[in-house]
Amino acid sequence: MKSFLYPKLNPPSFTWVRPDNGDRTEKVHEWIQPLTADSDPEKCKDADFVIVGVPLSRSSISASGASEFPDAFRRLWKGFTTYNLDEDIDLAEMTAVDVGDVPMHVTDIRKCHDNIIAASNALHQHFDTSTVCAIGGDHSITAMMVKGLHHAKPQKKIGILQFDTHFDLRDLTDNGPSNGTPMRNLIESGTVEPSNMYNIGLHGFFNTKDLKQYADEKGVNYFTLRQARKKGIEETVRHCLQELEAKVDTIYLTVDMDVLDIAYAPGVPASTPGGMTTAELLEGVLAAAKHPKVSNMDIVCLDPLKDTQVQPTVKLGTHVFLTFLTGVMLR
Amino acid sequence: MKSFLYPKLNPPSFTWVRPDNGDRTEKVHEWIQPLTADSDPEKCKDADFVIVGVPLSRSSISASGASEFPDAFRRLWKGFTTYNLDEDIDLAEMTAVDVGDVPMHVTDIRKCHDNIIAASNALHQHFDTSTVCAIGGDHSITAMMVKGLHHAKPQKKIGILQFDTHFDLRDLTDNGPSNGTPMRNLIESGTVEPSNMYNIGLHGFFNTKDLKQYADEKGVNYFTLRQARKKGIEETVRHCLQELEAKVDTIYLTVDMDVLDIAYAPGVPASTPGGMTTAELLEGVLAAAKHPKVSNMDIVCLDPLKDTQVQPTVKLGTHVFLTFLTGVMLR
Amino acid sequence: MKSFLYPKLNPPSFTWVRPDNGDRTEKVHEWIQPLTADSDPEKCKDADFVIVGVPLSRSSISASGASEFPDAFRRLWKGFTTYNLDEDIDLAEMTAVDVGDVPMHVTDIRKCHDNIIAASNALHQHFDTSTVCAIGGDHSITAMMVKGLHHAKPQKKIGILQFDTHFDLRDLTDNGPSNGTPMRNLIESGTVEPSNMYNIGLHGFFNTKDLKQYADEKGVNYFTLRQARKKGIEETVRHCLQELEAKVDTIYLTVDMDVLDIAYAPGVPASTPGGMTTAELLEGVLAAAKHPKVSNMDIVCLDPLKDTQVQPTVKLGTHVFLTFLTGVMLR
Amino acid sequence: MKSFLYPKLNPPSFTWVRPDNGDRTEKVHEWIQPLTADSDPEKCKDADFVIVGVPLSRSSISASGASEFPDAFRRLWKGFTTYNLDEDIDLAEMTAVDVGDVPMHVTDIRKCHDNIIAASNALHQHFDTSTVCAIGGDHSITAMMVKGLHHAKPQKKIGILQFDTHFDLRDLTDNGPSNGTPMRNLIESGTVEPSNMYNIGLHGFFNTKDLKQYADEKGVNYFTLRQARKKGIEETVRHCLQELEAKVDTIYLTVDMDVLDIAYAPGVPASTPGGMTTAELLEGVLAAAKHPKVSNMDIVCLDPLKDTQVQPTVKLGTHVFLTFLTGVMLR
Amino acid sequence: MKSFLYPKLNPPSFTWVRPDNGDRTEKVHEWIQPLTADSDPEKCKDADFVIVGVPLSRSSISASGASEFPDAFRRLWKGFTTYNLDEDIDLAEMTAVDVGDVPMHVTDIRKCHDNIIAASNALHQHFDTSTVCAIGGDHSITAMMVKGLHHAKPQKKIGILQFDTHFDLRDLTDNGPSNGTPMRNLIESGTVEPSNMYNIGLHGFFNTKDLKQYADEKGVNYFTLRQARKKGIEETVRHCLQELEAKVDTIYLTVDMDVLDIAYAPGVPASTPGGMTTAELLEGVLAAAKHPKVSNMDIVCLDPLKDTQVQPTVKLGTHVFLTFLTGVMLR
Amino acid sequence: MKSFLYPKLNPPSFTWVRPDNGDRTEKVHEWIQPLTADSDPEKCKDADFVIVGVPLSRSSISASGASEFPDAFRRLWKGFTTYNLDEDIDLAEMTAVDVGDVPMHVTDIRKCHDNIIAASNALHQHFDTSTVCAIGGDHSITAMMVKGLHHAKPQKKIGILQFDTHFDLRDLTDNGPSNGTPMRNLIESGTVEPSNMYNIGLHGFFNTKDLKQYADEKGVNYFTLRQARKKGIEETVRHCLQELEAKVDTIYLTVDMDVLDIAYAPGVPASTPGGMTTAELLEGVLAAAKHPKVSNMDIVCLDPLKDTQVQPTVKLGTHVFLTFLTGVMLR
């Protein structure tokens, strides 16, 4: 199975050359190991973290370059140390492997989605105990990553914690599995029960009324951003996870970067005025990552082509990822 | 009078074509009805909301493209639903009409100002019970909109609630009714009593000392941003409105977008470091809109030509407008 | 068939409101008539020009927002008069109708392509004598537009004149009918004979050697930019058309905006250093349009989301379109 | 009169501090002398060149920041040497004085225009033999500068050489003396005979037909850009000047920067695809400046607020100015 | 000594021309007096504030244009009044002198650093009682400014309060006194005792673990941003100063603008997601300035060449400076 | 010797991962071989082309990020095929090795320059027959690369062909070996005789008169851009090379990208209005490369941090490089 999968994953388009600084691992790009054609996947099967790029955004309703995020993300590793000062822990004490990108087809989106499901399935089987981090891509990939997880571990009940400005519960009969549909997709396919979905961050004028009604009917759980602020972001996350841990075996965290206020995220076309601040999102992600049942995560809808020159959004996306890893280490 | 006025208002330069999605009204551009040459103004005279564009910014001290905001604002309607999730209300349950733009003259600013007064007068007469929303334009338009209101309803005592980094109390003898003068203009013309003016958001090094002295002498009320933060933005607004409601018949809310921190408002050249966050402004506007005596509002000094590529400021301006409408519905 | 088609074309998302300036037609937006739900397509079936938006770019190899060009193009009409000073002719003496956009599916690219073929077919049947102008979208649409033309008028032999930095002869078995394949698509489907294809503008390091060999084997005709400059752009175009007119019944002009030097076309991600100047492209398009057998054209691969603030590329794309119309009037 | 005028001119907002490099004059900012409050205007009355800023653009049809050009222009002097290598001449051998800016009113455009006329009048009287260079501002200032010249030297017949994409012959009854009207203004006021006006650079779809008809009826002379290119820009200029020199006593050169192709002039909102290249404009300006009757010039419609980060357009505007001075020295 | 120093300081490259508005001092550029070649430094030796530009950034690890900040800073003075509304005080009641820039060498960084030490030394001797404000430049200048202070007043024990995302404790043997080393430089040179250093703002993944260990070994004091937020920024500052005042004679405040969140500081390449908000930094600087022992400050690492068009970061840097002055007046 | 050199060169910071497309070499990044720690330099010592990055720009007079060009250049290889269509040749038929970057010191510019000399020396010895291409960096590196060549092959007389807007003959006693001095450096050090230097592209107001006099006194040869245009760029190059080939053994081509017009090169801060077009520079470089004595080249002064979003200048710099290689193959 593994040998079937791995030739199909594209290696990262480039690899960092380790600077000649002895054995020290100081920067993230010196730490995360790419899985190249020559690597032996067996050797890393108990990696703590598995990173997979999912460069698909032609399934996005609006034109999107989110497919460029996995590479933009890797290029920024050099700007981050592995040492987290706030928590005084060093990520380098754990192991991380970058398995490259799920291969995509230019004109057959169905095939792209199938590839993601297959890759997720294979990764979860091979890296049985690892925390899998998918770097999108648009939000349609979440449904596929979760389906792959479900295929790999059908006996496990899956819960979802979602940071998002939107429900992502649009009807698939309109335009197929676009980035507006992943949660509905998972509900309708029976992959995740709606009552095991928790959304934090909804606000403003960015969801139609019928989606809210659908969510209510199905029993999808959600906290608007205002509610979460009142309760405290960290407390809200804890509350959701507490409910979830009683109901499910494994929790998938999906971070739609459009949950952010547009002032913090110029590189997320769907980000909005009135969204989360950077501090709030980081607080929420850290709190989520600390929970032992959170074993998967993704970051989606960040379009590096729209970011401003100094790349604040790509940097923020990378920081969200590292903050997640920090949380895992704090368990 | 009305028939005299309406041919003089320019229709919006474009109209949205209603997508073929049955009778549903989901997006703002499907909801707000433009008043075209063929429309019968009589039929909509009890609209809940009247929107009028006031595309004047050649009266601005610094070069400004705020005249482009009314159209930029209309172009973004498509990106917002009518449903407000935070409050679970649907704007589409009320009626809104876009009466187009006040016509402007290229080289005769006096004439532009006279047109605004005349338009405001006529609109307030015709749409007697509607909430009128003026989309500027620079801040000089506020004096004219309020004067028009005063002409239409001379028996009503008018109060003003202003979100602003500046007093806007400059001397008109220097440079005429520029964007630095509207409050002084209203005082000196006897339209509004200074003690019925409340300004929230002053801060930093953006007002000369003599303007502060003038404000104090005249009895203009103001809360610096720091004071408002200490008390709470919402609480500060409520406090101002409580005082105002005892003194006036109708309250005009003017939102100078330069009250915002420049990180949130790159498209407002006069925005400053240390100004309001998006969350604070939205909180303040919502609180103001809930008061039953607030029957007019404007949004000014937003220059779309200076906004960054993803248009965070134009989006924010539109969100301020929709948040205002939400507050009105919550009364 | 026509009545079946037209409800399927989406109307333009907005329509210009005619300014109140009497009967004069001075600007392009006052001239081109949109075909709305209320229009009677029969009445305009002998329009001189038919404009159709083809907002598809999810079939592009690189992430592209070329799907936004049809609307960006329409928004700029207001900035152009109908009067061409160089030639002293007024486009307003002819008739032009904007039939709206081909409807697209978010996740089914095959369906998008089928819709384009169907729309092209129906348009060429209904507007039998009109010059049809397709506003892309990426270059994959050209194959579909030409196939639709072929279905509508199977007896007519079709020739192609192409301005392009690339051959667009990539193998379809790799990634389907992407923007790198339209010419190969037309060859392999038997729609156009390779010897009836003429490409002007190839240069630099932007085509692989095997594509050149394929072109040579099949007998595709091409002039590199350097060859065209040596001969003169206008003369090169005339030479191609002279050869073509002897071989085909109708000529389809496709303008891939990536033929331009990147200094002139920041909004075309695939434009290159060393490409055509604006003056050269306009000279070539005018010369082509003058030929009576040129009865179709398209403009592709212009991504307004990447254009700089003053929109030089969207303006240039619009100018290319108007220059084409001018050439037709000069016949 | 002079003493009346000079207190009314605003000094430049800043002055360059002369670096401590001995007596050498190497850079333009070391050469041009500002006329400050302490200066004695009598001492410089025979300066070769007089530079006056005319920071008015609120008379522009579209929102414009061209009022910022005089200061942006002065800030760039430091980046240019006084030595012209192409011609091996040193501007520093002549004398140049910067008399500051014409004062403007914020809300009374008529007063702004009157100030320009008065300033031009006084400057031409005081600096009787100097070449006067006006740095705009929008194109409305040209009519005022020429009127002032006419007042100062009523016996002199004035001719105009204009580089422009537009006729600038719009009807003043519509919107007053805006930037679309200067040539008509001069005709209707009897200041310049239409047959003594020569326009080079018209092209494309940027003039309405009726303006062309007006020009023809009045006998305004013009060469389209295409005609000028065919004849040669330098030759075209020489041809115009040859005709003019027989008819007039003094020639005013007005350079509307919108004559440029938009790829060369992102900071000129009205620049167009298909306009002049930098090389062409510089060639034309140099040729014009060599003519002994050209004793005035202006540069208009350059909006530094729209320029891109490295300021290509402001640099180009400054280069046009220095090229003009070079031509004058070559007489 | 003074006469030795002053000819070596470069005057500011330009000086503001005082507008003709009588004796009023309303804007910052009307208030701060430049020290030009003609000034008598004796006359201003008891100025309250001394401002010196330190335009060095070629010592920065990453390519930086922070050397442009002193001039960009001066150009923005015009946009700020001297009156602080929040505190109701007017800076114009104190005196401020701009002594120009420390001269730099293009290719000899050692010489640049020596010049800064010499200038700081001389300034502290001459302006014995003034508060000296150094406008960087990159962070390497801090070590030099402090060394100069130490030379001038060797008997005074110096403490440092630092707002920074980084320790700036890198090893000097690697790459010399770069912008990553100033604190280590001061420790190793014995200029400041590590226990008299207080850093506020560290966070995230921007420091290697060994730097943290070095800080701990040496006894450098620090509060992470999270700790400071929990305690309150103002309270944290007060706490640090309380400890410091017992140990040192004079306190040097250094503001590395990279302590800010990147959303607030696009013009600081090293700013990060998760950093301070504008409000937090201003609160911290104000609190620090109020302490009577804080007699020096600098602002570093702000690169105007990377700022966005409306210059939010340069404005913020200027605001930080003015806020500091305000705090001093509030003592 | 090699073992002395190679450990001192830094490997490229990243390496491209070869896509899994069989043995085909289609894109430049698949062709150029990086010399990593594991490579055997002996095996590639007869490579046709040797590429070395010289990431130094802290020696630049103005703040520059040209040190970022080598990496930006490598990142764009993926966007170019090895096949040149204009000449129908495939670069992949020759061999190219990327030896990485010359190591730089952060605060010791002298050491940086010494490293470049040493690296150039070693490279020219090891790769005795290769054409060496140095990717700058600022123009100061040229003097060092040429000195290294001189050390390696002291018996060879060196000539220089320079494309530049500037003489680069500034006095080294002022500010050391900055980017304004390389030609003077080579003259004064006796490395190259002034009469063997040929400069093409000087123009405008960008050189002081004394530099021109120095050039004339020393006998440096130059063609202004205007002279070169009149004669033809290609013909001018041929003329220079014809003169040079009689006098020298080897010719070093240095391309200062500031020779370009700023419209074509926003990423070259020193580019100017009135400079070369892209087509002219490519024509000149191709002509130069064809000469058999041209065995070295460099590209300098391109600052990717200032380029616009679509990277036109970095693309152009890469195209200049590939065009040079093409010319070499055409010999």
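By written order: A, B, C, D, E and F. Residues from 1 in each chain.
What we mean here is this: a contact is a pair of C-beta atoms (placed from the backbone, for glycine too) under 8 Å apart; a residue touches a chain by one contact, two chains touch by 3 or more.
In this text the structure is predicted, and so the values were computed from the model without any measurement.
J.: Using the contact definition stated above, find the chains touching both subunit C and subunit D.
T.: Shared contacts of subunit C and subunit D: B, F.
J.: Where the centre means the average of the CA atoms, what chain is farthest from subunit A?
T.: Of all the other chains, the one whose centre lies farthest from subunit A is D.
J.: If you average the Cα atoms per chain, which one ends up farthest from subunit E?
T.: The most distant chain relative to subunit E turns out to be C.
J.: Given the two chain pairs B-C and A-C, which is bridged by the higher number of C-beta pairs in contact?
T.: A-C
J.: What's the rotation, in steps of 5°, that superposes subunit B's Cα atoms on subunit D?
T.: Rotation angle between the two copies comes out at 180 degrees.
J.: Over half of interface residue numbers shared between subunit E and subunit F means same, under half means different, so which is it?
T.: Homomeric contact, same residues on both sides for the most part.
J.: Starting from the mean Cα coordinates of subunit C and subunit F, work out the distance between those two points in Å.
T.: So the centre of subunit C lies 40 Å away from the centre of subunit F.
J.: How many angstrom lie between the centres of subunit D and subunit E, each centre taken as the mean Cα position?
T.: Here the centre of subunit E sits 44 Å away from the centre of subunit D.
J.: If you average the Cα atoms of subunit B and of subunit F to get two centres, how far apart are those centres in Å?
T.: Inter-chain centre distance comes to 58 Å.
J.: Out of subunit D, which residues touch more than one other chain, so two or more?
T.: 263, 306, 308-309
J.: Who touches whom among the chains?
T.: Between chains, contact exists in these pairs: A-B, A-C, A-E, A-F, B-C, B-D, B-E, C-D, C-F, D-E, D-F, E-F.
J.: Note which residues of subunit D are touching subunit C in the complex, please.
T.: Interface residues on the subunit D side: 202-210, 212, 224-226, 261-263, 266, 269, 272-274, 306, 308.
J.: Show me the residue ranges of subunit A that touch subunit F in the complex, using the header's touch definition.
T.: Residues 7, 10-17, 19-20, 34, 36-37, 78, 309 of subunit A touch subunit F in their complex.
J.: If we count contacts the way the header does, which residues on subunit B are in touch with subunit A in the complex?
T.: Going through subunit B, the ones touching subunit A are 26, 28, 80-86, 88, 90, 263-264, 278-279, 282, 308-310, 312, 315-316, 319, 322.
J.: Which of the residues in subunit A come into contact with subunit C in the complex?
T.: 57-61, 63-68, 105-110, 140, 175-178, 303, 305-306
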